[in-house]
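Labels for the chains are A, B, C and D, by order of writing; each one numbers its residues from 1.
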Amino acid sequence: MIKAGIIGSTGYAGAELARLLYQHPEAEVVWYGSRSYIGEDFSSVYRNLFRMVDAKCLDDNMEALAEEADVIFTATPQGFCASMVNDNILSKTKIIDLSADFRIKDVKVYEKWYKIEHKSPQYIPEAVYGLCEINRKDIPGARILANPGCYTTCSILTLYPLVKEGLVDPDTIIIDAKSGTSGAGRGAKVANLFCEVNENMKAYGVTNHRHTPEIEEQLGYAAGREILLNFTPHLVPMNRGILVTAYANLKDGVTKEQIQEAYEKYYKDEYFIRLLGHGVCAETRWVEGSNFVDIGFQVDPRTKRVVAMGALDNVVKGAAGQAVQNMNLMFGLLENTGLQQLPMFP
Amino acid sequence: MIKAGIIGSTGYAGAELARLLYQHPEAEVVWYGSRSYIGEDFSSVYRNLFRMVDAKCLDDNMEALAEEADVIFTATPQGFCASMVNDNILSKTKIIDLSADFRIKDVKVYEKWYKIEHKSPQYIPEAVYGLCEINRKDIPGARILANPGCYTTCSILTLYPLVKEGLVDPDTIIIDAKSGTSGAGRGAKVANLFCEVNENMKAYGVTNHRHTPEIEEQLGYAAGREILLNFTPHLVPMNRGILVTAYANLKDGVTKEQIQEAYEKYYKDEYFIRLLGHGVCAETRWVEGSNFVDIGFQVDPRTKRVVAMGALDNVVKGAAGQAVQNMNLMFGLLENTGLQQLPMFP
Amino acid sequence: MIKAGIIGSTGYAGAELARLLYQHPEAEVVWYGSRSYIGEDFSSVYRNLFRMVDAKCLDDNMEALAEEADVIFTATPQGFCASMVNDNILSKTKIIDLSADFRIKDVKVYEKWYKIEHKSPQYIPEAVYGLCEINRKDIPGARILANPGCYTTCSILTLYPLVKEGLVDPDTIIIDAKSGTSGAGRGAKVANLFCEVNENMKAYGVTNHRHTPEIEEQLGYAAGREILLNFTPHLVPMNRGILVTAYANLKDGVTKEQIQEAYEKYYKDEYFIRLLGHGVCAETRWVEGSNFVDIGFQVDPRTKRVVAMGALDNVVKGAAGQAVQNMNLMFGLLENTGLQQLPMFP
Amino acid sequence: MIKAGIIGSTGYAGAELARLLYQHPEAEVVWYGSRSYIGEDFSSVYRNLFRMVDAKCLDDNMEALAEEADVIFTATPQGFCASMVNDNILSKTKIIDLSADFRIKDVKVYEKWYKIEHKSPQYIPEAVYGLCEINRKDIPGARILANPGCYTTCSILTLYPLVKEGLVDPDTIIIDAKSGTSGAGRGAKVANLFCEVNENMKAYGVTNHRHTPEIEEQLGYAAGREILLNFTPHLVPMNRGILVTAYANLKDGVTKEQIQEAYEKYYKDEYFIRLLGHGVCAETRWVEGSNFVDIGFQVDPRTKRVVAMGALDNVVKGAAGQAVQNMNLMFGLLENTGLQQLPMFP
């Protein structure tokens, strides 16, 4: 059994990790870290796990945890993991960081977009960006695994084959993304109160959301050159789900068949990616509660653009599920171990 | 492997059966019956099962299905099962009926509340009421299993120990129930459109909802005499979940400790019932997607009443999950086989 | 023009007061008091009033405000108004208090249920309970107007005629109430985050919610004797609206016609009460955004109980609208001045 | 008093017309037309108007209605108005058509996108496109007023000044729009059931939604040449509101100040357009229930694009409110007569 510790277990992503790992046949949680609920029963904070999880919330002492755990998940605010990680910890355990601390290779880009100093830039080079479907081969050897962001996972997977195959003009990419409110976390903020979110639709972080450079970096690798794009997230009155609607100009003469072939080339054997094909719109309801990403697209012969649409559950494939998928790869397990929950509808 | 057929597989309860049975280690679905979608891919109607279920919707021919299936689930409108069942079918397969056709022992009561003629009253006596936690011993031998209603499951389980132990006056029972909209089914009705349900709260079926006599009959068995009670369902703008808030006058001198003891006497070893104890309110979010029933209560020393609260997922424990639980008992499996999904939050 | 000040104008009730008074032909707001947003544009906090209201948020200095205002609305937490009011203020202005400070005549009851010391018990005797439809004649002369609670307004109006006319047994009253989340206020609390409320249904404050003694006191006046009852509020995933489902045993032989007559006797000329009659269920959607209360009922001949249902918009008739209605009466205006907004659907 | 008839009064837009006209000081409804509810009380179908509107639903006989009404609103499916209008009707009354029948000048474009034959192409030339803020001067003389679509109103108003002033490249326009579900109408369809829409986000009509040519035509007038653009609508789990997020490449050197000036040039005196300025995101909650359009924008110096955002209430400014605004202009009233409802929040 893999012994896992969760730092930040009482946030939404951390609690989903707890739920997924409870059902995982090869792993068990040995540490429920929390800043706000130390000493309380974990299952009194997340009563969905009542009578299942019998453990108190502990503090977020990564040094102590490293003694006990084979892997530490840090589902924590930006900066935390970078400020705690050190050689001693890394000599004893692996880290899967759900924050952005190790996602971006250029520390100046990180510091510019996140507006904080990176406390452990020396570990950035070795950190592996854990977008499994793209980066699978590098994951098993990772000591520090940078688990991708929710928006970025959906955005990159939706566009990767098109950019990689050179079917679209990378300078024309526009990503309009919509997210359920769990993506905003469990912090007590007026902006996330029920009455503020319900019956409302808004964009936020327009032109400056911090997932932008992460998407640009990864799609830049695919394109073989630097990319600048527009990424606009929106807050939707629902709990879970991200929908990405991405636009790009087609290179001259590119057909919908070529688009379909590109998707199949990269994804047809992927367990967690379901290709809907031309003319089918991705919908968040069909992936809720699962680790699936659904991808559809539509070519517009009038404007010579493609509209590519991806949907995933931000708490699963966008956070905890992908983290477990990475853990599976890092520990030599089948990639979908413990991740075969079917989407729940309605 | 148990071969299962689902009549009415494209309703919400039927589709949840498909989802649960897909994940069931000892059963497989051999027939996706549907009236509206014959010939279509099941997974095009319920795209959550896209790439998982590879089958066309078939008609609702129970005779043909009986040749292939070890068990038939009828997730159909009232009257269908009673009009189709016959000796030949019963000689070949078992039936788990999710409709009300075989729940009520007195056919006159059935016909009065449902306002339709019962087409197979001869089978009523042998039908077993499948509320597993109360009726477990009778279920294995059943040929016709009457799967309880969603409201009734929640109402009866919430009140049963109190009535059985004589702690409350049965003539004072008032059940105020609230349900998510999936309970209204997938039929195209103006009343169930998003804009009609969202931002609204209403009662319906006041004093005449058809789950009333079912609750009265079962609690009457517990009381050892006839009971008349008020049951008021409400429609809530959410997908899943039933919350029952039940009121009853305490018999003289009854204490909260006695209430707690009664619950423990009947439920403490039940896998699917989680006792929250005195002073804790049941909430639907903590059971969503699972087969659990959460029960809490509060004694009011001022009015000498108990307020008992039960919560379940109407599509799981209130329908498909309980049906699988019954199947497990009927086929000698562990009761929670394939039903260990943890509640999903948020 | 009546000059009005609002203390607590950046809470939901206070902001609704601002909205209603903006449209009121005989009143204007001269003071937008706030604790959290002093110095900010009111319309940057409530951007629905952008370009309409051009004013900064001021502090909650009631002494200063009393110099400027003909009436002060205190939409503030319990205890604030009682701790601020004094003879000087009352000599210069009238107070309409939306908190509970002056609703309950027996200070010991107030202090027991609210668990705070009442700082101005000397003003309790003169305070008028502003449930306009019941107490209209006492309102014009009030210096301190205790604006009723949201749940209490709905509960009392739904039951008053039945209790007053002696048609039901007051010892059997059970009130099961359901409220939209705006009733929980705009404070930043985890429990009221979108993801905590959405897709959930729960009771809270069972047997001990603080609106209980207020309902008991007022219905006690109607009954001519002390009443103890059960009041159970529930939180519903919607923004606005309260639905009360009230149960009571009918006195022997009472008919639905008598119930209907009782409602008509007290309400048939009331502008803000719409009687739906026997067999029609009140729904919150039909009153949203208006000052109406819709009341329907159903007699159960089996159990000899009546189920009475009332619906209102908790922010309007349950708070700000009723406060304006009281202001109108206190200043000799037509009761529905500025309050004729029609319910908005969907 | 203007006598108004509503054909299609029991759809959401028609019912909102009824609500707005009830409160209009210079108009009254003399005919509530309906196909589904003939002979029923209008206020039993829309119980928000209970005790306010006392009228039966009549049929949709425009000939008869023309005898009684000064203006007829047709809130009907595509094709209805074109199939009914004739010289006799137009000699007696004015028509404000909320459908698309007279919005598009090129009948071939209409027939291609709507896939129906236009039955009265002879009236297309005289029909006036009623986007008041752009087309105000032509509206007073109209006999047939084509009331713009909900998405189109929001899209055009958001982009018009930028296109008209040549600040953006018209060939790069991408409009990503999000709508509440009331835009889908009150028809009984499975796709619009609560459980299908709630907890879901999806695009639909990708590359082929019928509002596309309407937007292209109107923005083409502004640009002085033909425009092709991408318009992608999405369905959001909320009742009311449209949010448009529009992207376009800036012409070389265009600054945010120029963008702001362009908006002010066209809109600064518009009662119903509220300019939020640079860096402020429009949100549907702040316009709900009102005829306002809120517009904000953000310039991206990295990609040299502008992201322009508009929000309106699809049932008001996107349908019934704009229709009343047009009526006001056609009858020489102040444009905002009866349309000064403030947005309601929460």
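One rule holds in what follows: contacts are C-beta pairs under 8 Å (C-beta built on N, C-alpha and C of every residue); 3 or more make two chains touch, one makes a residue touch a chain.
Quantities reported herein were computed from a predicted structural model and do not represent experimental measurements.
Novice: Give the label of the chain whose average Cα location is farthest from that of chain A.
Specialist: Relative to chain A, the chain whose C-alpha centre sits farthest away is C.
Novice: Centroid from C-alpha atoms only, then distance chain A to chain D, rounded to Å. What do you get?
Specialist: One centre to the other, that is 38 Å.
Novice: Between chain A and chain C, what's the gap in Å when you average each chain's C-alpha atoms?
Specialist: So the centre of chain A lies 45 Å away from the centre of chain C.
Novice: Using the touch rule from the top of the page, what residues of chain D touch 2 or more other chains?
Specialist: Residue numbers touching two or more other chains: 12, 180, 182, 195-196, 198-199, 237-240, 283, 285, 288, 346.
Novice: Mapping chain-to-chain touches, which pattern fits: line, ring, star, complete or other?
Specialist: Contact map by chain: complete.
Novice: Under the touch definition given earlier, write down the residues of chain D that touch chain B in their complex.
Specialist: On the chain D side, the touching residues are 12, 180-182, 186-190, 192-199, 237-239.
Novice: Where on chain B does chain A make contact in their complex?
Specialist: Those residues of chain B that touch chain A are 12, 15, 19, 22-23, 46-52, 182, 199, 239-240, 274, 276, 283, 285-290, 294, 315, 340-346.
Novice: Going by the contact rule set out above, which residues of chain D touch chain A in the complex?
Specialist: Against chain A, the touching part of chain D is residues 172, 174, 176, 178, 180, 195-196, 198-204, 206-207, 228-230, 232, 234, 236-241, 243, 245, 247, 281-285, 288, 298-300, 302-303, 305, 307, 309, 311, 346.
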